[in-house]
Structures are given as C-alpha cells and as structure tokens.
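Next up: the structures, one after another.
Shared chain: chain A. Partners: chain B in the first complex, chain C in the second.
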Partner chain A sequence: MKALNLLVIAILTLISLIYLFPIYWTVVTSLKTNIEVFTHPPILFPSQITLSNFYVSVNVFRAVSQTAVGSIPWMIDSTIIAFVATLVSTFLIAAPAAYALVRYIKSVWLARLILFMTMIPEAVFVVPFFIIVAKVSLLNTWWGLILVYISFSAPFSTWLLMGFFNDVPTSVEEAAQIDGLSPYQIFYRVSLRLVTPGIIAAIILSFISCWNELLYALVITYSPFPAGAQTVPLFLTSFIIVEKSFAWGGLAAAGIFTMLPTLIVGVFAQRYLARGLTLGSVKG
Partner chain B sequence: MSEVVIEGLTKKYGKTVVLDDISLKVSAKEYFVLLGPSGSGKSTLLRLIAGLEEITSGSIYIGGRKVNDLLPKERNVAMVFQNYALYPHMNVYENIALPLKVRGMTKVDTNRKVREVAETLHIQGLLEKKPKQISGGEQQRVALARALVRDPTVFLLDEPLSNLDAKLRVEARAFLKRLQKEVGITTLFVTHDQAEATTIATRIAVLNKGTITQVDDPYLLYEKPKDVFTAGFVGSPSMNLVHGRARKLESGWEFYNEDMKIGLGKNTLGSETEVIMGIRPEKLTVSRDSSGLAGTVSNVELLGSISYVTVNVGKTTLVVQLPGRPDMEIGDEVRVQFHPESVLFFDTENGKRIDTPTD
Partner chain C sequence: MQRGQALKVGLVLASPIIVYFVAFFIYPLFNLLQNAFTSSSGGFTLANFQAMPSDPLLSVSLSNTAYYFVGSVALEYSVGFGVAVLLYTYTGRLKSIFRTIIFLPLMVSPVVIGLMWLLMLNTNYGPVDYLLGPLGLGSTNWLGSQSLAMPSLILANTWEYSPFVFLIIYAGLQTVSPQLYEAASVDGLTRFQTFRFITLPSIRPSIVVAFLLNSIGVLKGFDLVYVLTNGGPGFSTYILSFYTYVVGFSFFETHYAAAVALLFLAIIGTFVFLMLRFTSVEEYLGLRRLRT
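Up next is the complex of A and B:
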C-alpha cells in the first residue's frame, strides 16, 4: 500500500512539475536581467533579481515596447469584454437553451448540432465575422468582440450545462410544479440554482477563452496602439518589437500581470466547483 | 367536501396502456391506499391525479370539480415524493415557505403558517438547516410540512416510507395515520408493501397491470380476495396457491391433483373443472400426527413469536404458519392438516374467486 502511495505521489508530482514549469519559467524570466534572459544554456535560477522588466520599456531600432505596468487600459478592455460576453452567453443564452433542450425539446439532433458547432475551428469564420462586424459598424468596439465571443462560448456552455440539467432530479421540479411555481419560476428558482457548479464551470471556461483569444481580437480591433477596444493578447504582441526581436523580459512580466485576473476568477470559483451537484436533495 | 372521483380513466404511452379504464371513488377524509407491484400503474394514477401527466381519456373530479385540464397548482393537491424532492439549495424554512411565497402570502402570515406546520410535525428545531444536514426521517417530515402548509384539499403520497429504515418506517406509518386524522384530509397513498397498506388504510385499491382488481377495506381484502392475484399479493407470506381439479364424489366435493386429495366437507363447487386452491399459511397446521397430507419439511423460519414451516407435499410446496418455535427440522416427515372451511378457490381461466356455498 505504502509503496503504491509513494508511486502515485511521485507521478502526481512529476505531472504537477510539467504543468508548473512554464509558469515558473515566466516568473523567473520576468525577474532576470536582460543578459541572463539571453544566456545559453538557459539559467534556471537567476543570479540577480530585477523588477525593471515590469516598468522599463525596451527600445530596439527606435521601436519602443510597452511595459507590464502599462497594460492597465488593455486589462480594462479585456475584463469588460470577457465579462459581458461570458455573462450574456452563460445566463441569457446557454442556461435557458440547455434547460429547454433537456426538459422540453429533447431533440438529440439539435443537441448534436450544438456539440458539432463547438468543434468547428474558429478560424473558419474569420472572414464572415469581419464582414458582419464591419457592416454593423462595430469594428474597434467592445461590442464587436463581445458579439463574436458570445457566439463562440454559447454553444460550448450550452453543451456543458445540458449535462448538469440532466442530473437535476425531475421530482424536484415536479414538486415545484405542485407547489405552484410557473415553469419560468421552476427554471430560475430551482433548476438554475441546482446547476450552480455547472454555471461556474461555464463561466470560468468562457472567461478564460475570451481572455486569451487573439485571432479575432487582431482582426476586429486591429488599429495602431492605443486603440478604442483592444484586449490583452493584442497588448502582448506589442512586445514583438520588430521582426524576430522579442522583449522577453518585458513579455514575461506582462504575462504575469495579465494572467492575474483569470487566476483570481479561478481561485474564487474553485470552492463552488468542488461542491456536490444536487447537494443531497434526493436520497437513495 | 374534497372527494376524488375517477371515471373511465385510461393512460397510454404511445401504444402501451399503463392504466386501463380505471373508475374509483375516494370519499372525503378517507385514507385510501393504492396497492400494487411495480409496473401496476399505481404511481401513474397518482401522477395523473396530481396533474403531472396528461390523461389519455376519462375524467378526474376533485371536490366535485373536473380537473382534467387544470394545472397541478390549480388543483390544490399536495404531493410527497418517494425521494422527498426537497429544494436542496434552500433551508427547511424556505422549503416550507416557498408554496406560500409564490402564492403571494405576506411575510408575516407566511412566517406564522410555517411555524405552525413545523410545530405540528415537530421540526421547529430544523428550520435553519439545509436538507442534506438532516436525517431521512426529518427530510420526510419537511416534505410533509411543505405539502400541508397550504391547506391542500387532497394529499398524495408516493411511497413516502420506502426510503426509511425498518424501525423508522413503522414509526412514520403510525405518525402519518395520526397526522391524517388530525388534519382530516383526503389522502391517497401509493405503496407496493401490502403490510404498509393494510396497517394504515381505511380502504385499499389493488392494481395489477393497469387495472383495479379489487377495492375493499383491509380485512375483506385479506379474507375475501376477489381474484387469485389479490389473494397472492395481499398477505405475507403469500397465500398458498395449488393448481388442481375439483370433482364431486358421493361423500361431497373434493379437490385433487397428483400430490393430494382434499375433501371440502360441506362446501360445494359449481362444476368439475380445473381450479386453483388457495389457503393462508395460518389456516394450515402441521404436526407428526397420523392424519393429514404426508410431506417433508424443506425449510423452517423462526420469526420470534411465530414461525414458518415450508413443507413439500410431492411437487407442491406449502407454507405453514405456526405459533412459537416448531419442534421439527429440515428433512422431517410431517403431516399437514387442512380446514376445509378456510380454503378458497379460484377459476384457472380468469382468476376470479369461485363461491363455495355449503349444502
């Protein structure tokens, strides 16, 4: 038993290290001096620690990079876009749609179609989306990106939540029906509350994918810095100062800075995710 | 007066007939039990009365009002589910208060009413707790409280005791009976447990494969089952049912098959046909006397004050109930004695009981 436990712990530690290494490397790089960043072979533990990467911009061939501290305006844009897109797609589209599909429509084909939509590579829609967003004059605005992100996260969240609604015991909904709740009240007073872990999961996944999205942000809001609505991934590209010349230290520092919001969302949501689905409503 | 009347009720799922032409009248304040094995349609009947499923044909009247097309909430029925179906995200108080809240009752009135019902059910101390923090028995009381709080006209209980352990079940049974008397509400109770049914019901309807085989009070159901299904289903252990034929001899009527011949004394049967003979285990005796059917003991079960002895008579198996501890063991040669007056006969073809008038 003990030997087995040790083996399991060893394997888990190894996997954790593999996952944690990129984060460690980013942190270390952000603290290195510019010379140690480029040293070969790479240095695991910097001999000298500096915070200058966070606020000093790099100047290459007269092109000037952004700084991590300067990311605040992009962070605000990203936060607003990711939050609005996530909340709208989760609460106004995915949750009602998933509930209706599970309880009322019960169409396997429609459910499969939704799953299918999540499998199409997003790049397929770049041109049509650009044209649509341009035609409704939403280029370079929050709303242009929000609409695009909603259309990507809603099908996935719907698919995810269908599983959770399926697990809500029908007897609880029937009890609510007899207690006098209208179908709409049953949805938002009972069933929606019972799928809280699913809602949280949908919010986290949707938020992270909106936060990290680069391709559409590039196409729909691309204009010289600083622009009307630009998200963090675009901001990070500014550390590629000129072709093949990366401000690695600054990029790492900015990376740490900009991963904080998703980290906070994740930590906050984790305790909800860990809770049981039906919280013991039904025995046996 | 909130009586429940069901007329020609049929329920089909596609082509499967779940309930076939059910007619039933449950009087006001009656404790009425729907008894049947799983798949008999008893729960479906309850759900149709509650309005959770649509009727295929027929009518349901509650308190003289036709409710066929009414929503569950418009029927003013209350239902307790087998798994209690409490709202897990609300505490006990909120669970009980929700039906009042959605009906627009003021906070003060709701509070008074909830506390009143909680007191009746002895759950005042649990109001702040979540359903998962309380025991199964307590959850059941909360479910009952939630059902009773809005003064329903009919109370529907769907196997409410089956999730409780044996000791708690007996307690809850007595509690439910007392509560029903106290509140004075028409109650329909669904169960597959005949012991549960006979202990609480004023009347019982036995369902089998979507039809009602008999509606009677528990005593008549036990003593005078109308057909072989009811005879076999009500009572534990089951009535002994033996296939054979009846014939008239000079000494009177006789039941016989390859294992036994039993004189019926003064009782008569209408014709010499194939029949099923039924006799309750407590109506048989077994001893080492010289008279009676010769058989071999194949099992002995001691249940405290009584015991069951299984005897093989040829290919026929008979269960006999004896008081106390029997002085016999597996493999013993014994004799089984019949009391002709407590033997019932059923038609082999349609299962109906055959009258056995005495000469």
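Up next is the complex of A and C:
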C-alpha cells in the first residue's frame, strides 16, 4: 500500500513536470544570454542570467525591432478593450438576462439557444462581423473590438450566471417581495448580490477570453502600422512572425508579459473558475 | 405575481440580450445565408455549395480536421482521464499542488502556447528534439515536415486541453458518494471491480460532457495553427477553422467563405445537438423542477 502510494506520487510528479516544463522553458529562455539560447545541446539551467531580453532589441539587421517592454502600449489597449467588453456584457446584458430566464421566462429552448451561442467558433462569424464593423466605420478602434468581444462574452456570462441564479433559493426573493420591493429592486438589491461568486467568475473568465482572443483582433484591428487599438496577442503574433528564427530571448520575454496577468489571476481564483471553464458541468 | 406581469418583467430584464441576439446572432447569420446563396453579381445561386465537393483545399482541410480531431480528442481524453483517476486515488498532502499545476495550461493564452511550442519543438536548439535524440529522432524538423507538423500540433493542443478533460472528470469523481464505496467493500469487490461497477457508472454524465465539450473546443481552435504552422508546410495543417479564415481574408471570396462558414456551423451544431441529447440542460438549471 505504501509502495503503491509512492509510485502514484512519482508518476504525478512526472506529469506535473511535463505540464510545467514548457512554462519553465519559456521563462528560462527569456533569461538566457543569446549565446546560451542557441546552443546544442540545449541548456536547462543557464550559467548566466540576464534581463536584457525584456527591453533590449537584439536586432541589428531589421528596421522594425520590438521588445517585451514595447508591448506595454498594446497591453493598455488590451486591458481597456477586455475591461469594457466584460463589464458591458456581464452587468448590462448577462446578469438581467440570466435572471429573467431563470425566474420569469423559464424556457428550456432559450437556455439551449444561449448554450449553443457560447459554442459558435469565431471563424464562423468573422466575415459578417468584419462587414458590420466596417459598415459602422469602427475598424481599428477600441469600440469595434469591444462590440465584437461582447458577442462571445455575453452568452457565456449569461449561461454561467443562469446556474448561479438558479441556486438562489426563491424564499429569499419571496421575503423581499413581502417587504414591498418591486421585481426590479429584488433583482438589483437582493439576487444580484447573492450571486457575487458567479459575477466574479464571469468577470474573470470573460476578461481572460477577451485578453487572449486572436482571430477577431487580427481581422478587426489589423493595420500595417501600430494603430489605435491593437491587442497583446496581435503584438505577440506579429513579433513571432518577424523574429521566429532570431530573437528567441526577446520573444520568450514578450510571451511572459502576455501570459503573466491571466496566469496570476487564474491561480488565485482557481476555485471560482472551474465551474465557468467547464460551462457549469463542474459545480465547485 | 400574475402570468402576464411576470412575462413583462422578464422581457424588460431580457431586453438587452434581445438586442444583442438580433445584432450578434440573427444579423450575422442572415448575412452568412445571404452571401452563401448569392453570387457576386447578386442573384440567387447554389453554386457556392455545389463548388464544395470539387474544392481540393476544402477536402484537404476536412480530412486534416478529422485527423486533428481524432488525434487531439483521443490523446487529450486519455491523458486527462488518466491523470484525473490517478490524482483521485492519491490522498496525500501534495494533492492541491498537483491540481494547481495541472490547471495552469488553461490559464495561458493560446498564442503564448504556440510560442512555447515553437521554442520547445525547434530543430537542434529545442528540448524535445534533444530528448528524442537518443531514439534516433534528433535534428528532426518537427514543424517543417509534412508528416510531422500535424502530430506536433496535436501534441501542443494536448498540453493545452488535457487539463480541461481532467478538470471535468476529476470534479465528477469527487461527487461519487462514499457510501457506495463502503457498500462495495462490504460486498467484497476488488479495487478494479469497484472502479468498473461503482465509479464509472456514477460519473457517466461527466464522461459524456467532457468528451463533447472537448470535441467542440478542439474544432473551434484557430490560434495554435496560426502561430505554430500557419497551415503549412504546404497545406498539411489546414483545418476547417483556419481554412474558413483564409477563404474570407486571404482569398477575399466573401460568398464562398459564407458557405464554408455555414458548413462549419452545421458541424458544430451537430455536436451541440448530441450534447443536448445526452446531457440535460434542464438538469443543470433545474428548470424542470421550477416549472411545476
């Protein structure tokens, strides 16, 4: 029994190392000097650690040079876009809709429709969305991308919050009704407060999915020059395309800048997020 | 509250999502249908659909998608399921640390995952190449070879998505009632028998949901292909999501792109249909209970 447990620990440790290794490798590449990056066999523990990859552009040959620190303006764009899209879709659209669907309209078919909308691939609607955004002349703007991001974060948050509202006992609302609150007051003052964990999960997950989104950003805010509204994944992909075979240290550094915010939030909010990530199939 | 009044309150609260629904679902869908069934001169036509069987790139993309789908789902499912069962049998103090580590890939942006695997899979300087060197696979051009690009993509995708399967199965395992296990040990079942006849049937819903959600996630994927291989070398990693994008934004064939997008939507729709068939939305929301 004891030997079996040790074996299980050994296997689990090995598995954990496999999951950790790509992250470790990216971190360690970003800290290596250029000489140690391009070495065969690859160096697992660098003898020299440098932070220069984060701000020094190593290219002498190309006119366009980027660094991880150069991604900061993109991060600001990403933050604003993800934040506005998340707040609008969670509070203005998803919360009242989820409450209405669970308490007043109670249609199984509408619930199924919402679930279906969360599953639509970005590639399906990318052309129509491009046409719509172009029509209202919002290409290459924050608002263009915000509108499009609402398209996937609204049904997702609605679906997630429906589960949470459903867990609120109706007796609480009945008591509030007896106290003379109107249905809207009950929603806003009572039920909405009771699903705070759901709201937190919806905000974090929708922020992360907006932050990570690539395809819509590629199409809606693509312009050859750094325009007013380009997000971090776009910065990173164009960086990758240019530097794929050259500035690995710099690329890895930019990768760390991109993933760090979501990774930190994710680890600390882990318990809140499991239910949302699995579209409600995990109740935790 | 009276029925009519309840409906009124419901509609007021749902009015933003109704606007949303028209703007972000009905209108784009109408736009797709309109484009798919018209020619560039504007007349009604079925040509966009009739062209599909003879489009070599579409058939390549579909067979690549099948390869990518079967490979990824099979690998992700077995890894995710195996790790979940393993962690479930382990009862020590390191449990939450293991759980957190396996959770990490879900929080990394897919573009960064692409970058990570570019670094990992690089010929000569990447660790994967080095580790497999003793097997005679050193100096292999993982992403640049027609036959290895897809397996490489599946590998990266497995790193990204197997934790997702893990999460669902692991949570399912935790809901199995301890009383069932007590009964099993009273009846003298072996560990394997307990797993086969008690655990597995109890987590059946999780098994199905994990499979279907994972399938849809794999089909939706775009970022990894875009960053790691950009469809290449040749057309060996063109998958449906990537092809839909290429038709629209590299070939600029808006009408044909709409037809391909509808085909893609139909495939996803089939999976969603299966999911609704085998699992119950009502159960999740308790709607059936509420209605009575």
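As a convention for this text, the second predicted complex is superposed on the first by the 228 of 284 C-alpha atoms of A that agree within 3 Å, B and C clash if a C-alpha of one lies under 4 Å from a C-alpha of the other, contacts with A are read in each partner's own complex, and residues count from 1 in each chain.
Please note the rule applied: a residue touches a chain if its C-beta (ideal position, glycine included) is under 8 Å from a C-beta of that chain, and two chains touch if they have at least 3 such contacts.
Please read these numbers as outputs of a predicted model, since none were measured by experiment.
In the superposed model, A:Trp211 lies in contact with chain C only, and not with chain B.
In the superposition on chain A, A:Ile178 makes contact with chain B only, while chain C stays out of contact range. Shared-chain residue A:Pro46: touches no atom of chain B or chain C. Touching more residues of chain A than its counterpart among chain B and chain C is C. Overlaid on A, the two complexes show chain B and chain C touching the same residues of chain A, namely 278-284. Within the complex formed with chain A, the chain B residues making contact are 50-52, 71-73, 77-79, 81-89, 98-99, 102-103, 130-132, 136, 139, 146, 150, 163.
The residues of chain C lying in touch with chain A in their complex are 1, 6-7, 9-14, 16-17, 20, 24-25, 27-29, 31-32, 35, 83, 86-87, 89-92, 94, 97-98, 100-120, 124-127, 130, 133, 159, 163-164, 167-168, 171-172, 205-206, 209-210, 213, 216, 219-220, 222-223, 226-227, 240-242, 244-245, 248-249, 254, 257-258, 261-262, 264-265, 268-269, 271-272, 276, 279, 281-282, 284-288, 290-291. Interface residues of chain A, counted against chain B in their complex, comprise 169, 171-172, 174-182, 185, 189-190, 193-194, 196, 278-284. By the touch criterion stated above, chain A contacts chain C in their complex at residues 5, 8-9, 11-12, 15-16, 19-23, 25-26, 29, 37-42, 44, 92-94, 96-97, 99-106, 108, 111-112, 115-117, 119-132, 150-151, 154, 158, 162-163, 166, 183-184, 187, 208, 211-212, 214-215, 218-219, 232-233, 236-237, 240, 244, 248, 251-252, 255, 258-259, 262-263, 265-267, 270, 274, 277-284.
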